[in-house]
Structure formats: structure tokens, C-alpha cells
Amino acid sequence: MVAWKPKIIAFTCWCSSSGVDQAGFEGFKYPANVLTVRVPCSAIVNPSIVVKALEEGADAVLLTACKPVELRKIAPSRITEARVSLLRRLLKTVGVEEERVRILWISSNEGGVFANEVSRIVEETERLGPLNLRGRMLEQP
Amino acid sequence: MRRVTVLLCTCGSTLLEKIDFNKVSKELYKNPLVKKIEIVDGLCKANTVKSLSLDANERIIAAACSSRLLEAVLKNLSNAKVIEFVNIREQCAWVCDDKEDASSKTIRLLNGSINRAVRSNPPQYSDGLKIVREAMVIGGGIAGVRCALDIANAGYRVYLIEKEPSIGGIMAQLDKTFPTLDCSICIEGPLLSEAGRNKNITIIPNSEVVGVKGRVGDFRVLVKVNPTYVDPEKCNGCGECANVCPVYQPNKYDVDLKPVKAIYCPFAQAVPLKYVINKEYCIECGLCMSVCTRAAINLEDKPKMLELNVGAIVVAVGSDLFDPRLKPEYHYGEYDNVITNMEFERIICASGPTGGVLLRKDGKPAKRVAFIQCVGSRESGPGIGECSYYCCAASMKEARLILEHDKDAKVFIFYNELRAFGKGWEDLLYRRCLEDGIVFIRSRPSEIKRSPNGNLIVVYEDTLTGKRSELEVDMVVLALGFKPSENLAKLAATLGVSVDDQGFIEEAHSKAKPLETRVRGIYVAGTCHGPRDIVESAVEGSAAAALVISLFRSGNVKLPETAVVLESKCTGCGRCMPVCQYDAIVRDGEKVRVLESLCNGCGACISSCPQEAIVLGDWGIEQLALQISGMLGD
Amino acid sequence: MSSPEIELRKLARNLLERKVVDLVIGYEDSEAGVRPCFIKEPGEVEKLVWNPDCRLSLVRYLRGFKEKKVGIVAKGCDGRAIVELIKENQLDRKNIFIIAVECNGVYKPVKYGSSKTRRQMAEYCEKCEVRVSPIKDYLIKSDEKALEEKIPKGDVEDLDWLSLFRKCLRCMACVRSCPFCYCTECSIEGFKPALVHRLVDPVELFTFHLIRAIHMAGRCVECGACESSCPVEIPLTRLYHELNEWFRENYGYVPGLNLEQAPPPLVFKEGEKP
Amino acid sequence: MRMFSITEESLKVFLRELSLKHVLIAPFERDGYFEFDVLKNPDVINLNYTNTRLSPKRFFLPQRQLVFKHYPRKGFTEEPKEYSSFVLFGIRPCDASALSVLDNILLSPPYKDASYENRRKNAIVISLSCTKPMAECFCNVFETGPIRGMGEDLTFTPTRSGFIVEARTPRGVSVIEEFGKLFRKADGEMLEEYSRLISKVLDEMNRRLKVDKTRLIRIEKEAGEEFFQLNAQRCIECSLCSFACPLCYCFETEDCLEKDSYVRFRGWDTCISPLFTRMASGLDPRVTKADRLCHRFCHKLSRIPLAFNAYGCVGCGRCVSLCPAGIDIREVLKKWG
Amino acid sequence: MGLSPYVPKPVKIVRIKEETPDTKTITIGPKPFDFIPGQFAMVTVYGVGEAPFSICSTPSDNNLQFSIRKMGSVTTAIHEASPGDEIGVRGPYGRGWPLGEMRKRDILLVGGGIGFAPLRPLLLHLLENSNKYGRIAVCYGARSPSLLMYRDEFGEWMERGVELYLTVDVGEGDWKGNVGVVTTILDKPNLNKAETIVCTCGPPVMIKFVLKKLVELGYSEENIYASLESKMRCGIGKCGHCHFGGKHVCVDGPVFRYDEIMELPRGISPF
């Protein structure tokens, strides 16, 4: 039997997705179970989509975004940050580990950071075990 | 029925050993949405793309390298309806050690993108937005004038909006400029008259912008022109009216130091050189009308509204100086001989109220003069927190002017840090000051006291020696910091541009887009976006002009994909409004509307709308959900 | 008949006779239990009742009478809902005459197929601290003490939410009875909902309820309309309460308390990370 | 007569043996409610219930079920397989009658609903008579209870000395034969009690509500706007009444995409929904809520009778009890019955 | 076909023809079933959905044709299809035009816009068997000339003896014919009104006015038939969507006689 491997969806904003590309370009290795979805900006990611991803079988969802710059008022990723926090609270309430949804600050030159963080998150998710929402929802009492 | 063609690139066969292409295509072919799969060895090569002979309505998945490399090639070479990029090189082949892993990741990513491509709608290409190749420059200081001239000289019409009766700004009031001690108006005057003469420049004095509609390339700007009560077309500047006018008023140009008549010409080098009436002082006696041979005076004049259609706007409204009354310890306005550096400029100027002799209010010459730096800057308190940039150099220049006029004078400069960083500042200013015996004292004086004889006593602690002392002088000049001008916030709101924490206009990006604002097509130059000196203001004027010219030359404007509100769905609940960082969403009756010139397409709004009543290209939750389910399905 | 009921009928008659309002939305008694009624004529006011079975929030009906001047019987939570809806641009304060009734809590409904018959106070009413509408045009004081029978408090963590969601039929009663669900096209039902199927798929009930929770976060006034309408009694109010807590902790915002406080923008200020 | 009797102890044995031989679906209590579910352990069966919260129609018409799976690459369409047999024990006569109405509708020629037919064929329906009807119940109106229903194979009626068992169909008889040793022929005393019970409970219900159902056909013609408008104002358009109803059979289909196939599901729909009759062209014959509510009542009380010779309501009272807005079909009955 | 009556049979699209700017006629073949003019079939676009469409080809054709206007997701998907694509069909369903009644009688067809689709198989069938029927007249209207369907066949119809009267609501280009709604040309055919069978199909509003006008003109009520439109999911009277007043449009219709339409309750009846 093949050992269980977590499936992780990573929503990467335009900038951090070039960071992800850079990770490959510079020869960093990270687990293959991270699937990237490129979006223009992390703020476009509706919390509902994150929930949907968990339901569809993702064991964890990452949002990678540009770190809000100090002094700069305009920072849509700050909205993402708040949404993730709200969502984590919600997940925790309904009994899903909040660690399954995270935000990561990845700039377009931080491929290495991405590779490292992702490896760590994969490990942590492995420790949490499968989420298996589908199975749990279909379970008979 | 929508189906997709998958192009798998082996990157010159280098990916073959990393990804099992047979397995990938076999797995993908199970997906009913796949029409065909082509394995190619270099999608980045023009020949490869051509040899594929793709239909025009094809939906393509390009599974190859980073889209940053491929996007341009494919979008130029194919006329496919929809192209989705999947990076199987940097994101699969190159990060996975195991061929099995890389292949299964490839399959998952591709299945996601197939779902996405099927539900994507082809982008709607507009025919290119209209560009009105005329510009507006708001503010006729050195930055604005420089900018207007550069745009005009490139052959485009410029409307130069100036709130005062004459262009010129602060620079026109200065006596000399640092570090070379050139005559300020001698430098600016010719520029002003050149602007006045240039047939591409329409100077609209006494005017202000009160409304802006539209977007880059096509702004409709509402300008309110205040009455001067003198028809500029008829006035020839003979000055007869001023001669007969019985009323005096303080002159703003001379910092209220040298009264002029109620009907007056702002200054000798004014452009336009026309007389105007200050209605606040005018007693409407009609004497001026009686002497004006050209019947240019109309006391019933009313404000006029103009609507100008321009393609770009440059904001160069400058800024105000700190109000020293807000620092009561210096007793400005209370003690006669505490003056501001602007007042000093007029006093020391040959055309000023004293004819260039440094006299005190009581008529005595000022022999001992102290300069206090950083009044209203670099401290928490009433002023702005940051360095005002110009005043170290300005005070040193002014100190040298004193000595130029009077070799026996004694000058003290109370400074905090002496910032002489510009070209020639160190040599032409600072070293000469030292040579001339100007005394630099590192201190922010705590108080100015008045001695019975009318002299002033500066109380200070020398922060180098730690000694508290007092210094008796004839005159104290306060080096005032900049502050955002009074109407800047209102103007910014009218234009839709944002302001920073200090109240200056905020740049789109402080480094990548230093002269652009968050509104595309509105640029900024000069001190209205932060303290600057003359050189930098002029540089920015020219640079902003270059941006305007390049916009006009570019042919058409490409806006980023912006959010669109679906009117039929919008309930007007307003939940999208606070999340928009660009204030691009406004109420429009019962619903909301996106101002496309402000929208940057970040999508924060579409994800806050509970019923997807705002859309942004193909970034709806439906497409994302499908992509995810394609990726995660077993 | 209780004295608030007499006062309510008198007021309704007065309002209708003087044409202050075009209609009064209140509760009436029927064989099927206490239910909403829409009084247009002064002669009908005797139908109006006020008792602890008046649980369904009437606020959701207000949007059906946008052009009319409506008098509405509002409990504390209903008043809060009106406040939020005015802020969300859905209601016009001047078209609503709020008949605030002091509320001491409502009974949990006893439904078909229930094995219990004892009447108990609804759980969300116990948490309630706003027993009178924050905005009102008329206040009817209660003459009764708070309901006696209370449900022992449980912690949210005690609940197995997934098994609660599993029971859900997705009948939409929670959505339809909610004062805040006024979207023209609900994102979780309709012809082509994007994130759930049109037909109820049990695995999507998790998504369904979480999306609804996200949409209710920071708005829910905990009136319990969803919970009391729910045929399978999912304690949704508790879930939404947790999210309201998040808003209170991060922004100090409690929905529906006053008209002035704007809903918080969904951003953290610099350095105020959770 | 095919009347039998069984003692309470034997019933327990019966249920236990039944659960070993068949998939047993029976009522039990969970989280304060009674419901039907597949039970492995018949000891949890609770027969002290009035009725289950939701009707057992989902065992015949699931909320969502597969219609077909089409594999375009392989070029064939797959249909769901035959369903395994099960025993539905303890269904109330009203709910059992609903099944017989559904038979009339879904199995009427020329087309038969294959999945329903299959499930129905594979199900043994054993009803449990109501001796203490609820306040909401009005099965007497449609003669679908309280003691005997229409769609069951066996009817169990509790009496002081055990249960009277009536075999209603050949399949019912075969069940009795299968577990022959547990059943006895009902004696005269019991039968007497049985008929007394029927008239007693029926009398009690008739006192509450007595309606001539044959007159309900009039609704179609006579239903004024006013009544439905009044209730439409109240209706919040949830689909609870349809979902809870034991014979609301209208279904909606949905096509989906799976990784290697196209699938179609069908599942419960509700005529209360504004989308029920809206066509793609935007044309909608029933625009107002009052129209839809009128259709709901007319469909049940006059349209189904006209088309299928049965009534679309069995008087279980679920819609009355569960409706958040207190809409009451009994008012319609009183008005036009 | 399998057990379940709900499962469509896959067939291939043979041809696609653009009929009007928003309507395409798709041909599928070979036809999986025989039918009577006026019957409809359920067409499935796999993965998208299923919808009822009138069959618009003649029963003698080896293929089946549907004229489909772009409306919702299913029709859009069909518009995006190309020959060779697979779709599903099942049918034929419903009651067709009353061919038996038409024997030896004059026949008037009244169509509006896309509503001509169910009339076309009837017309073609009548032409093929013209010896069995009387005179044939067609009144056909559309919003504009470009929205008239089957324009390229008009000439052939007329050659074969059809009296064809056309009208448009709004004229455009070189349109020289009648301008006005279809009721304005109903008096033009010179037929034995008392005996003529009238078949009409179009938007509900049109049917309403056409029926009124026909009765006014002296056509007999029991000879007037109309084909109605409804939302359907099953086509066989099970799903409940088209259930109106004791009748299912899918089973008892879509062709109804005048008196039946009068009996239909508000909602489906054009009155």
C-alpha cells in the first residue's frame, strides 16, 4: 500500500508565483504534493474557495502573498491575512485543525523560502493526518 | 462543446527524464474535456507553434516552462481563444527528485488547468481606448512650468492651471538660489515668459480644479476660474489703474511686507502680466474704470466654469510652509524681529520692501542674526516629522547673503544635523560659510526671549558641549519646514489620488513608479508629494512630462483587468467598499460602481461579495473551484 | 391576555388609523402555531399576539415592502438586524416604525418527530444581552419575568459539527428565514451555484455551512431565526456567534448595536496581527 | 381475512431475525428526534414514537441519485445497478399510503421510473398503526390512516394483548409464512378490539377535522387570489414543506463532470422555488409566490387527483408542523373541502 | 437503451447550419427513433444538461434536426459544438399535430420566430403527402427579416404549392414584404375557414392574439391547435415541472386544442 501523502493547495499571487518558479530555477527541492493555483493577487481568494478546497480533498491550503510593506497604505494582502485569521477561527470552531489553512509571505525572489516553508508545512500536515472531509461527511452514525 | 488541446513541451527533450510523458498523456486522455494532446520539444520556438496549425477557437493548455518566459511567445504566435499556462518545468520537473512524483504532479496541475480553460471566457479585447493628446498641469511653480514647457515643446497642448494671478510659485519670491547664489527670478523669469509665449500652453490663472471624471487618456476636468475683474484680453499692463486706486493692501508676493494697491500686478516678472483686483480690499469706487482706456475692468465679473478634456494630468501644486505660530516658544508674530525665511528672502531682495537692506521693523539694521533650523520639521509636534530637505542649504545661503550685504554682520545658525548633500552644497555653501565665520551651533533653541532694548535672546543648549547658554541677536530667522498645502487634501479627493500619512500625495510606488499616482494618467511633480528643492522639482517636472509624452505617443492605453459590478445582482450592501484599498468602489444610487481608473484588479472586492456580483475576468469562484476540483480529483 | 399584548393592539390600531403606517407586521396565533401576520386594517389588530412563541424574526419580511411605511414588532435581536440592514443600505429607517417589545427570550420550538415535549427557552436567548431593540419608535415593556426553563450551557467545542452538518437537508429554511439573506442570487443555491451542486450532495454540506458562516460573520445578530426554522435543529447561532466573537476581539465590533458604527474593514492594522 | 397476531416478545424476535435476513430500516431516537435509518442492532428500535421527523420517502426517492454515467472515450452509458432488498419496519400508515400514491404517479404507463420501481419491488413495507395521532395529523381526511394505510405489505396494530398483524399483499403473506412460528391467527376478541380501535381513533380525528375530499377538485376553479396571496406573504420560500412531504416527488436533474465521465444526477426539487418553472428563455408561467403556493396546494389536492386518481396529500402534518411561517394546508382543506 | 427511460442515447452531430444570428439548426444522425410531426425530444449535452426541443425535420428524413436558439447553458453548449461531437437524445415525446384530423382538409400554419420549428416537420410531411390533404397556407412572422428561419426553403415550399405569407415586426434592409405582427396577415389566406385545421406555435403572447384573431376570422374553435412551451426535466410526466391543471405538457401536449388551452389554468395557458 502506498503511504498516505497530504495534498496541499497553494494559492500563489502573481509575485509569489514567480518566487515559486524561482525555487525550481535555483534547484530547490520540495515535496511534490503542493499544487499551485496562480491568482493575480491573494486578495482574490475567497475564503469560500479555501473551504471548497478542503472539502474537495486538500489536506491543507496555503495562501502565499506579498508581505505588506511598512508605511504603505495599499496592501491587499492585508485583507487576505484577516480573512485567513477569520477562516482559521471558523475551522477551529467546527473541529478542523486551524493549521490546515495558512498564509505565507513570499516575495518573487524568495524561492528558497517557499521551498523550505512548504517542506515544513508538508511535514506538519503529515503529522496532522488526512483531513478526509468527504469521507467524514458521508460517514453513517 | 468546449474542449481543450494540451501542448506538452519536453523543453528540448530535457524534461523526458524527469517526467513520464507517456503516462501523463495517457492519464489526461481519460479526461473527456481533452480534445487532443501534442507533445512538442520547444513551445518557445516560433516554428514549433506554427507547425501545430491550431484553430482560431482553440482552447490551449501550454504545459511548459514559466509563463513569464512563454506568455509573450504564445500570445503573439497563436490566435487561440484561451491559453492557460502550466509550469511543468520549474514547478514539477525541477523540484521533484522522483519521476513518479513529478509526473503525478504534472497530471494534477494539468487536470486543474483543463477545467479552468473550459470555463474561461475569451478575453474581450477592446479596440484601444481613446487618448486625448492634451495635458493638464495643475500648479505653475517651477515643477509645473518645467513640465508644461517640456510637454508643449513635444508638440502637445497643455493647460496650466494656476490658483494665483501669476505663475511662478515659491521660486519667484526667492532672492537667490543655493548653492550658487544665482538670482532666482533671473532663472525662473525667462522660463515663465517662455511658458507665456508658447502657443501650446494655455495658462489659466486664478483657477482651480473642482471636478474630474473619466480615465487615463480621457479625463474631463472641471475648472473654476475665479474673477480678476480685469479682462486679461484687454489689459495691457499700463498701470494707470493702480496709480489712481485709493486703497492699499498687503502684497502676498512680498509676504505682506510691502503694500500694493487693491488693483495691482503681482510682480514685475509676472506671467501673465496683467492687473488684477483683490475684491477683499476693493471699495468699488470705480476710479480705475474711469482711467482705463481699454475698458478692461468689470467689477461685476463672476466665476466661470470650464470643462477641459485632457488625456493626462500632472499635479504640481507645491506645498505650504509651516505656520511658526504653532511653536509659541519662538514668539513669531509677537516679537517683531522673529521672521520667517520667506520674509527674509523678500527683505534681502533688492526689489523687496527695504530695497535689499536687512532692516528690522524699528528701522535699525540687523547686525547679529540667528537662524533656527527645523522649525516644523523633524520632530513630533505640530509640523511634519521628516526633514524639510531644503532649509539647511537655504539658511546657509541666506547667511552668506547677509555677509554679502554687510561684511560686519554676525550670523549664527542653530542646526540639528547639517545636511549638505546636494551638488556643490558642501563646497559652495558650507565651506564658505565656515570661511566667512558663520557660527554653527548644534542646538534646537528652547525659547526666544525679548530684551528690553528690542533685541532677542535665544535660549539654547549646545548639544555638542551640553552647555546651556543665551545668545543676544538683532533678528531671528526661522527656517520653516514644508507642509502639505491647505487645499491639497481636497484636490487629492477630487482627483481620486491618495495622500500619505503626512498629507502629501502618495505615489503609486515610491521606487518603481515615483511620479505616478494610484490613478492612471495622473502624475505628480514637485513638493506636493514631499519636500524637495528647486533642482529636484524641476527634474520631476521634466520627468513627469516625459511620462505624459510617452503616454501620448504609445497609441493606446491598456488598462489592467478591472472589476466590474453586475448591476442585476448587486444589492448595494457595500461589503466590497471597505476592502478596496484603492477606494475604487463608489455608491451609485442603490448599487455600487467600480471606478475603472482607480481599480487595480486585485480582486479583494470580488471575494468579499457574497453573491459574486462583482466579476474580474476569469477569476470567479466558479473557475477557481473547478480548477481545484480538477487538481484534487482522484 | 397580557398587558403588552393589549398595548400592542392599541398601538397598532392607532398607527393604522392615523395612517402613520401602511401595515403592521406582527404575530398571530393559529392552529399551526404562532406565525407572522400582516395587518392592513385597524379592525384586524385583535389578531396580534405577543408571547414567547413569537420566535421567527419578522425583519426578513421588511424587504418585501420597500415602498411602504411598515410598522414592525421587533425584539431586541430584530432591532439589531434592522440596524445592520440600514447600514447595509437595504432598509430605509424612515419607512419603518419599530414597535420594540421587551423580550425575555423565546421558546425553542417543539417540532414534528421530536421525542421531547417540554418547552424550553432557546439557547441563543440565554446569551442575549440586548432585550430591547437599540432603535425604536415605541417601546412596549414586558410584564413577565424571564422564562424559567433554561437549557444547560454547552461549549462550542463540545459539539461535533460535522455530524450536525450531516443531518442537514439543505432545505434553505435557515437562509430563507434569515434577515440578512437578501442576495438576489444566493451563492449556495439556485440554478448554478458555483461551490455546491444544485442538487444536495451530502459531502458539500460542510462547504455549504461554512460558506454561510463566512457570509454571516460580523453581521449575524443571533436572532436564532435560522436555528428555530431548521428542521434538524442545527445550532447555527452558536457557530455564527463564534465568528462574531472574532470580530469583537479584533475590531471591537458587535453588529447591530448602533447606526453610527461602520462595519469594520477586513484588514488588520499594521502590527496588529492576530 | 389475513389477520394474524404477534406478542410483544415475539415481535422482538421477529425484528431480530428480520435484521439478520434483510437490511432493516426502522425508527429510532437520535438527538431528540425519531428517524428512520438502516439498523444493524434492532434493540435500538423505538416504537414509542408518534412519527419520524422526515418521511421515509428518501429510501425510494433519494435526495440525490445517479441517473447515468456516460463515458465518452469508451462510448457507453452506464446506469445504476439493481438495488438490494430491504425491510422498512414501523412506517406510519400515512407514509405508507404516500408510497401507493407514488406508485400511481411514477409507475403509470407508458413510462415507469425504473429506479423507483426497482426500489419499490425490493422493499417490504411494514406499517405500524397510529393509535394516538398528533395534533397536526389529518390522515382521516384522505383515508390514509390512522390504522390502515394503502401502500404497506403488512400492518401492525398495537392492542392490549400484543399486535394485530394484517397481511395486505401477497408479499406480506409470504413474510408471515417465512416467520410463521412467531405469528398466530388473530382471535375474535382481538379482531373486535381492532375494529373498535379503528372507529375510536377515526372518530377522534374526525371530531378535529372533517372534510369531504371529493369536493377539493373545486380548488382548481375556485381558488381566489386572496387566500394564496395572504399565505404567500408569509411564505419564506424555503423548501421544507416539499422536502418533508412523504410524496413530493418532483425532481430536478443536474449534469456534472467527473474525471473520466459525464454524469447526471436527479434529486428533490420544490415547486415553491422561483426557479421551478423558469425556462432558460426567462419565460416563467408562475412568477409570483402566490402562484407557486396555489400550485402547490392545487397540485396535491386537485391536479394529482385529476391526472392520477389519488390525492397528493396523506395528512401526515409534517408541512404544518415544520413550516417556519405557519402555513397550514388544513386551512385549504377547511375552505374548499 | 437501458432500463431507465431517463437515459439518453448518444448520437453524433452530422451538420450544423446557422439559421439566424441566434439560431442554429443541428442535424444528428442516424435518427434513433421515428416520430410524428409536432413531437419533441430531450437533447442532452453531456456534462452540461438536458433540454426539450421540437424536432424540426420531416419524419421521412433519416436524420433528426433541431433548430436551437441560444438561451441558457445547454443551448450555448450546442452552439459551441462542431460536427462529430456527441450529444444524447431520447424521445419522441408528447402528442404531435393531429394528422388524422387533417385528412382532406385545408391547413393553415401560423408561426412566430423560433416557433416555426415544430411546424416545419408538419409542413414537410404535408408536402410529401400532398394528395391526402387540401390546400396549405403558412403565415409566418418574426421580429425582423433576419430572424425568419428556413428562408432558403421558402422558394421550394411555394413551388410545391404552399401559400406563404410573411411578416416582420420591424423591417430592415431590402425587406419589401408586410410589416406588422402576424395577426395582420391572418386574413390573407383564402381557405375554407370552417373546415380548415390551424396549427400555431410561437411565443405565448403571439399565440394568445393569434387564437383570438382566428376565431374572429371564422375559424372553428375545435380545429385550432397550438404547441406550447414549458420547462421540462423528464419529458414523460414524472418530474412535475410541466404539470398544470391535471395535465402534463410533456405527455398531454405540447400540442393542445383550442378548448384544452382555454381550460388550462393561469400560468401555462396563453390566456
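Per-chain residue numbering starts at 1, and chain names A, B, C, D and E are given in the order in which the chains are listed.
Everything that follows uses one rule, which is that a contact is a pair of C-beta atoms (placed from the backbone, for glycine too) under 8 Å apart; a residue touches a chain by one contact, two chains touch by 3 or more.
In this text, all values refer to a predicted model and were calculated from it rather than measured experimentally.
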Steps needed, at minimum, to go from chain B to chain C via contacts: 1
Winner on C-beta contact pairs when B-D is weighed against D-E: D-E
Most widely separated chain from chain A, with each centre as the mean of CA atoms: E
Between chain D and chain E, centroid-to-centroid distance (C-alpha), Å: 39
Computed distance of Cα centres, chain E from chain C, in Å: 50
Inter-chain centre distance, chain A versus chain B - centres from mean C-alpha coordinates, in Å: 37
Where chain C and chain D are represented by their mean Cα positions, the distance between them in whole Å: 32
Per-residue multi-chain contacts in chain C, two or more chains: 187, 195, 202, 266-267
Residues of chain E whose C-beta touches two or more other chains: 45-48, 73
Two or more partner chains touched - positions in chain B: 32, 579, 608, 621, 625, 633-634
Chain D-facing residues of chain B, complex: 29-33, 111, 115, 633-634
Interface residues, chain A side, partner chain B - complex: 7, 9, 18, 20-25, 27-33, 35-41, 43-49, 52-53, 56-58, 71-76, 79, 83, 115
Chain B - residues contacting chain E, complex: 1-2, 32
List of chain C residues in touch with chain D within their complex: 30-38, 56, 60-61, 64, 111-116, 167, 169, 171-173, 175-177, 190-191, 197-202, 225, 228-229, 231-233
Chain D-touching residues of chain E, taken from the complex the two chains share: 2-10, 44-51, 69, 71-75, 86, 88, 203-204, 229-231, 233-234, 236-241, 243-248, 265-268
